[in-house]
Amino acid sequence: MKTTIPVEDGDVLAAIRAFLGRLLESGALEAIYVPLEAAGGAAVPALVTDPARMAQANPLAPVMPINGARAVSALTGKKAPGRVGAVLRSCEIRALIELVKLQQATLEGLTMIGLDCPGTFEVPRYMERQGQAGGGLGDYLAAAREGRDPGSDGLTLRTACQMCLHPAADQAAIRFELFGLDPTQGIPVDIPDALAEQLGYSAASADGARQAVLEKVLAAHRAKRDGALAAVRAQMNANGGLPSLFNACIRCHNCMTACPICYCKTCLFRSASFDHKPDHYLSAAQRKGALRMLSDALLFQLTRMNHMSASCVGCGMCTSTCPSEIPVGMIFSAVGEQVQAAFGYEPGRSLEDPLPLVTFQANEWTEVGEAK
Amino acid sequence: MTFTPRIGVYVCHCGINIAATVDVGAVTQWAAGLPGVVVSRDYTYMCSDPGQALIQNDIRELGLNRVVVASCSPRMHEPTFRAAVSAVDLNPYCFEMANIREQCSWVHPAAETTTQKAMHLVGSAVAKAALLQPLEQRQAPTTPAALVIGGGIAGMQAALDIADAGFEVTLVERTSSLGGHVGLLHRTFPTLEPTADLLGAIVERATHHERLRVLTEAEVTAVGGFVGNFDVDIRHGHEEEKVKVGAIIVASGFDVFDARRRPELGYGVYPEVITTPEFEQLSQSEVKINGREPKNVVFIQCVGSRDQALGHPYCSRVCCMVTAKQARLVRERLPNARVTVFYMDVRAFGKGFEEFYDATRQAGVLYRRGNPSELIRRGDRVVVRAEDTLLGEPVEVEADLVILAVGMAPRADTDALAGLLKLARSSDGFFMEAHPKLRPVDTAMAGIFLAGACQGPKDITETIAQARAAAATAMIPLMRGEVTVEAATSVVDEELCAGCGQCASICTFGALTLHPTKGVMVSNAVLCQGCGACATACPSGAINVRHFTFDQVMAQINVVSDFRAPVFSAAPAEAEVASPS
Amino acid sequence: MLQIEAHPITLQYDLFDCIQCGKCTGGCPMAMKTRLNPRSIILRLLTAGDGFDLEGREELWDCTTCSTCSSRCPKKVNPMETIIGLRGAFVEKGRVHPNVKTALESTFRQGNPLTMPRDQRGAWAKDLGLKEYAEGTEFLYYVGCTPSYDPRAQKVARSLVTLLQKAGIDFGVLGNQENCCGSEVRRLGEQGLFEMMAEENTETYKGLGVKKMLTTSPHCFNVYRNDYPKNGMAVQHYTQVLAGLVEEKRLEFSGKLEKTITYHDPCYLGKHNGIFDEPREVLAAIPGATLVEMDRSRQKSLCCEGGGGRMWLEGTNPSVRLAQMRVKEALEAGAQVLATACPFCLLTLDEAVKHLNAEDRLQVLDIAELAAQAL
Amino acid sequence: MSDNGNFEPRIVAFLCNWCTYTGADLAGTSRLQYPPNVRIIRTMCSSAVDPVYVLKPLMEGADGVLIGGCHPGDCHYQTGNYKTRRRYVALHEILKASGLDERRVWLRWISASEGQKFASTIGEMVAAMRELGPNPTRENWAV
Amino acid sequence: MNEQPTHGSNGRGPAALVIGGGIAGIQASLDIAEAGFRVHLVERSPSIGGRMSQLDKTFPTLDCSSCILTPKMVDAGRHPNIDLYTYSEVVQVTGEAGDFHARIRVKPRYIDPEKCHGCGLCAEACRLAGRISSDFNAGMGKRAAVYVPFPQAVPLVYTVDPEACVYLTRGVCGKTFKCKDACTAGAIDFDQKEVFVDVDAATIINATGFDVFDPNLRPELGYGVYPHVITSLEFERLASASGPTAGKITLDGTLPKKLVFIQCVGSRDRSLNLPYCSRVCCMAVAKQAHLAHDRIPGAEITVFYIDIRAFGKGFEEFYDRVRHEGVLYRRGNPSEVLRRGDRLVVRAEDTLLGEPVEVEADLVVLAVGIRPRADAQSVAEMLGLALDENGFFQEAHPKVGIVESNRPGVLLAGCCQGPKDIPDTVAHAKAAASAALIQMAQTQKVMATAHAAN
């Protein structure tokens, strides 16, 4: 049901903290995954069981150090040990759904708590922003209400967020709505009826301008996205193309480590198969007169595309973690978009959609395999 | 692992089949320089006893632990050499072949490039060999029973042989009675024996054999399992039943060519025009057309055979003699009738056939060489228009009965059955045998065999021969009581497996399941057919198909991707280049 | 318009056995130069239905009855006899070449096709003191028409007599009583006349109690051996007799004959009756003689175009003559002597040599003549 | 790109054991000539062709990669080639999107009885790769 | 093929006697042995392999004959359930179905098979090296008096040819035996005597094969007179990589430019009492014409035929292909072959032109038919079998009894029953194996019960 969480003297964060606290106190949930504010102003993803700890919880912090899907995968595995909740952004939820299909996580016993997401900043930007005036929560919420980019000159949102097409956490069981609304008057929440009763909430609708503002945000993001992807595609198809884009890659595998979809225990490229003998490198070098060290950088990226581009939700964590500032996420979004389009597949939309590469039809792409 | 490969490379001349286009000496010398190679030799015929002895000696003398033979296709001689190496206690899976004949010397000119290709192929094989692992072939017990699909003469004969040998046989016939096409025949060539005589006896035996279960109006709906242990679902009338068998014989027969596809011959338009099968029926009662005895009878051969235009390029093998037989019958039944046979070539190839053809002509049947072009109506008769190619003149022959010798076509449901049994089909649409010469009744699917016209046109004699051949081959696993289980199956590396289950969803044979506690996948070697789709599906490389592992293939790729003219590195000290021939 | 019924003929000659392989026509020496096509004739008969028009089929008279066709047919069809049968139809209707008419009439009246008087038949041997054949004589020497009347062929008969006498053979002749054997009559399609003659002659020989006969001509030899009703009479061609004598050393050659000889197999001796070796044995026994073979020898011997009544018929293409081809072949083979054992061959080949002005390079001789020279 | 007409394309082919590899053998037994620019690696099924196998040669400078499988419906493993087809579609999109020339990777259904088709396919592919010119990665060591 | 199951304790179950080690005998033996029964395989010549081993390629797939045969030979030679008796003959058979007793005569090779490695030093040393015409090469190749018929022979053991060996024919061979001196293994033993082995068998398979027609019986075709008129079998050896010319189609070093193939030589010929069709010649010629086209650039190839009998799977398609390659098929049965200058001339009628034709040729190949083996009669008497009107072994019934003979328990396989191509032969052999397996299964039951009884 739709309800509204009362907010006292405009302190939205407090209201949310209280709400999360009550989820634990009431015993509705045994633990909740949520960022806690830590010394130095960092927001650290944590699993909270003690309601008192909720005093530091800050789901509204515009930062995403990791994609929560990985965390949830870790704490549910093939079955959640207890009644666990997780505060997640849309990109985290969609990644989580892919991981569920890949049997790396389960929604069983998990309560997803989502928020409308106006976007996040890279961790360093977030830290900078902390200090600044107008960089506070109020401004962030206002941006959400007006449907404008919370970023400001010099302090821009993560590019992935600027072009996010899923700012609303539609699949979450509990959903905090921010777009087009003034939460200081009470925070509209979508919540399962049973839970609402248990916590003693009653139905109350305050939809306001949310839909309109959401449209506006999407429009802006779509425009941004189209431009950005067009740009990166231009680069990929330019002379040198993709290889030159990855020339800066140092094969640190950060992108893979940060990627919520890359679930392998050990990446193929870290396995014995790519742990070559010295003579291998020598003969490889002899072929072209020079061999890139570490080798197979592009092969690694292409193989990763091949493994996960169908499931890529565009969270951009790869870009965020790339020390060489290669627009990895942009590239993968560009590729992913085409692969997903080919199969009419939208990652994270629903558990019902099977992964495109583990299913098939007898009578599809019948032209493929026949000489043109 | 501390294993160091000691590889022997053996390059075959295959007489001149390889040596004429590939510089065998150069290949041999080049191979000697490859990592892990300790000996490299060439010889005229590696497959010959001395060739094999050469390899066996080196395994003993030089302590080889991997062997590469560069010769013909592994589909040809892999078993030969595997047997040869295992005879001296080298695991047969430590052997690899380079196909430098079918895929090199036979398809390219004698040139440097061809030799280079051969070198790459050998190098690729050596690279793989270095990573090969010994595998064990296991034996699985077989179900001492057989399934025969089709109750025609082929199916019955095969079923009877297997049952006579002491095994339970289930015979599944789609229609309500046994006998198939032969049941529709009147008499047989070349003996003119009434069909009923020979067929009756067989049907009788089939229906009363203690170990033979005949299911009419039945069909196979699903086939699972593998050689030695098939699980077959049969729909029998209204009930479904499951049977377990060790071997399956397909004897599903053929369809008759539809003469309407040659409209110029007027079949279906002129009542005077009938087909050979229809004449079989007609000839059992009084031969009358339009209520009167025909005075002029014309047979037309190759209707729907030797006809590329209609996609039947093949010869139907029986029509010539069927025609000769029917022409004889006409002469017997209607002594005053003129009988003319139009033919292109008279194919009287079987035992007693040419003699029968002679006798048919002696009986007054006129054979005219030519393939009639059209039939037209003239008054109360039809006129066959053709060229007598031996006169070199167009001719018109009036007829009041025209018999079209229609050919044999693959059954319309061949596709469905092929899908059910995973059988391949030849370009002519009939089921494809494993090898046209030496394995005429086997299929690519172990434990499934072909009998009769479902493999291609045959007369009764050949059908029975082939049915019994299929029976003999099918009996082998049943009599052995065991089959060898494929050793090159999938295996899961528990360290790498994340249990994502993509492999399980992709596996056709349900060979992969999630371990209840370990959270990793488990492969069932008996169910696994070794296709390798799972390995492709696994992003972490946790699943490999033995003998075709990721590392082995990548090693091959590393060699063949390097198209530079092969570099001769000085052969390592212990490596030896030898050429006894 | 010369209509005949085809169907009876197809049955009479088992033409349905034919598979139209063409082996007959392929080997037919006349097919090379005329319209004659045995295979095609058979097919036309088979496909003729009721009526078959012989009008304009003059090529049927080209056939030399050399039997190449029949001797090679894999299906045992006999095109040669079929053609002879068809000639019969012409004869019945009296539609034959005047020469043929004359030959037939002459045979009927004079007992020879050469229009020679019956009472001159024995004249050639006047001075030889030959005895009349009588019961008990070992051999009846059947001379034959051509050797009896033709001056060139007479030499053969004389030589043969010399040889037989030298070998001390007990033989007799019939002189003017000798009657034509009817061989050519039969080949010309006059079956009726032939059967009449065969009957008469058989009676005569029975009456004389002839047990063994030898002939000059392979044609006579053949007709007695194969066409006459069985009569318990053993017929031999003289070359067989000579070969026997040579082998038994009853006939020995003291003289020498420093000649290169090639032997032309007469059709009626070779292809018809499979006698290839005896003539060669005789030649081989001649001291000094070198035997060479032409490419076409034995079963492949090229017909001289003298058989099947062709002695009286030019044929439809006289411009090409097989005898001349044959003579050229003999010359190619490097022979100085072209030996044969048949009067017809002798005459046709002799004429060919003259026609080619090769008399100085090549001599045509009968084996009997050669043997006699070597005595 | 006819100026590249004279260069020798390098093609790596992965052939399924049951159909295309056998078809290639048939081309051999039938002595059907085709360009020697191809190197064949045998796999049990086309579905066993890991995209890495296709990408690796392309990185090494091979000008084309051929995947050969049984015709749809003929797969010895029933449905392997259907899976191959999807993987190929995905790979094609990746190559297309990432500006690596997808025209260098071919999938072809060639049965055991189609020796002629195999030979002509190689011929066509060599010609097509000539048209495309050398794979840039031939020279690019930094991949 | 390791650890074969064998019925009955250490193989003393019912056994089968297979007479003839051609593809038919080999296939039947392998099937029976694979099913776990013992087989006594008896081959008269020094090696198994039979006619098929002489062929170059096989129609219509063109795979090389020895390539597909050699593995089978090796399997048969290696099979633990097969006792191989080569250079041996069955001389006597008694008993009845289920309980036959046969006597095998093992001829002396004058070589100890245990010691011989088939190295061939003896053959090199032999005084007659390169002077004895090789039957395997249809008389075109030469070998020594001590020999293996062909390199892939199974077993690879040398044999001294008693007809040729100087010592065996004249009692003395120079001062010293060159072969003995050469043999490092000391395998040569001129004191070897023939030995007789008695074996029991539940069933007997007769797979004695066929002979080819002797074209001297068709003198007009000039075989034996013209060196460049050869038989199809001789052509196979010429075309074979392992043949006397290593696959070069030539008799005198120069490649023939004009080839003429003549079909039905000794087939469909009632005048020679060979009325039947030999079944294989049409396709054999098509194949050889293809090989000639393949090996001799620009060769003009003509095939004379009566009817083209391309009846088998893929045959018509192959015939189409050969014509497509430019081989000229002319309908007509050549009447004679003549010499004209240094060329041969084939005279025939092109029955479709309706004209006699003369075709020049550098090489004429006679497609000789299949005949019963010369010794069919004596084998038939030894086994108590009937022959049909053409001299092939008579089957029990032309349709349902094609592998059974008139004698219960004795079966027929391959061309000894009538002309067959390789697939038909293999099928026939396997059919015989089926009948044999039934017999043996039943015999085994009897044995088992008998065993249980006492």
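Think of it as A, B, C, D and E in the order they're written, each chain with its own count starting at 1.
We take it that a residue touches a chain if its C-beta (ideal position, glycine included) is under 8 Å from a C-beta of that chain, and two chains touch if they have at least 3 such contacts.
Fair warning: this is a prediction, and the values are worked out from it, not measured in the lab.
Shared contact partners of chain C and chain E, listed by label, are B. Of all chains, the one whose Cα centroid sits at the greatest distance from that of chain D is C.
With every chain reduced to the mean of its CA atoms, the largest distance from chain E is reached by A. Taking B-E and B-C together, the pair of chains sharing more C-beta contacts is B-E.
With centres set at the average Cα position, the gap from chain C to chain D is 77 Å.
Chain geometry summary: the mean Cα position of chain A and that of chain B are 55 Å apart. With centres set at the average Cα position, the gap from chain A to chain C is 113 Å. With centres defined as mean CA coordinates, chain D is found 38 Å away from chain A.
Within chain A, the positions touching two or more other chains are listed as 268, 287, 357, 359.
For chain D, residues that reach two or more other chains under the stated contact definition are 26, 29, 31, 51-52, 56, 60-61, 73, 79, 83, 87.
Those residues of chain E in touch with two or more other chains are numbered 61, 63-64, 268, 270, 307, 351, 354. By the definition given earlier, chain contacts exist for A-B, A-D, B-C, B-D, B-E, C-E, D-E. Only residues 346, 358, 361-369, 388, 390-391, 395 of chain B touch chain C when the two sit together in their complex. Contact residues on chain E toward chain C in their complex (touch as defined above): 219-220, 264, 268-272, 306-307, 331-336, 338-339, 347-351, 354, 356-357.
On chain D, the positions that touch chain B within their shared complex are 8, 10, 12, 17-19, 21-22, 24-29, 31-36, 39-45, 47-53, 56-57, 60-62, 70, 73-80, 83, 87, 111-114, 119. For chain A in complex with chain D, the touching residues are 233, 236-238, 240-243, 247, 268, 287-292, 296-299, 302-303, 305-306, 309-310, 331, 334-335, 337-339, 341-343, 356-357, 359-362, 364-366, 368-371. Taken in their complex, chain C has these residues touching chain E: 19-28, 31-32, 37, 39-40, 68, 72-76, 295-296, 298-300.
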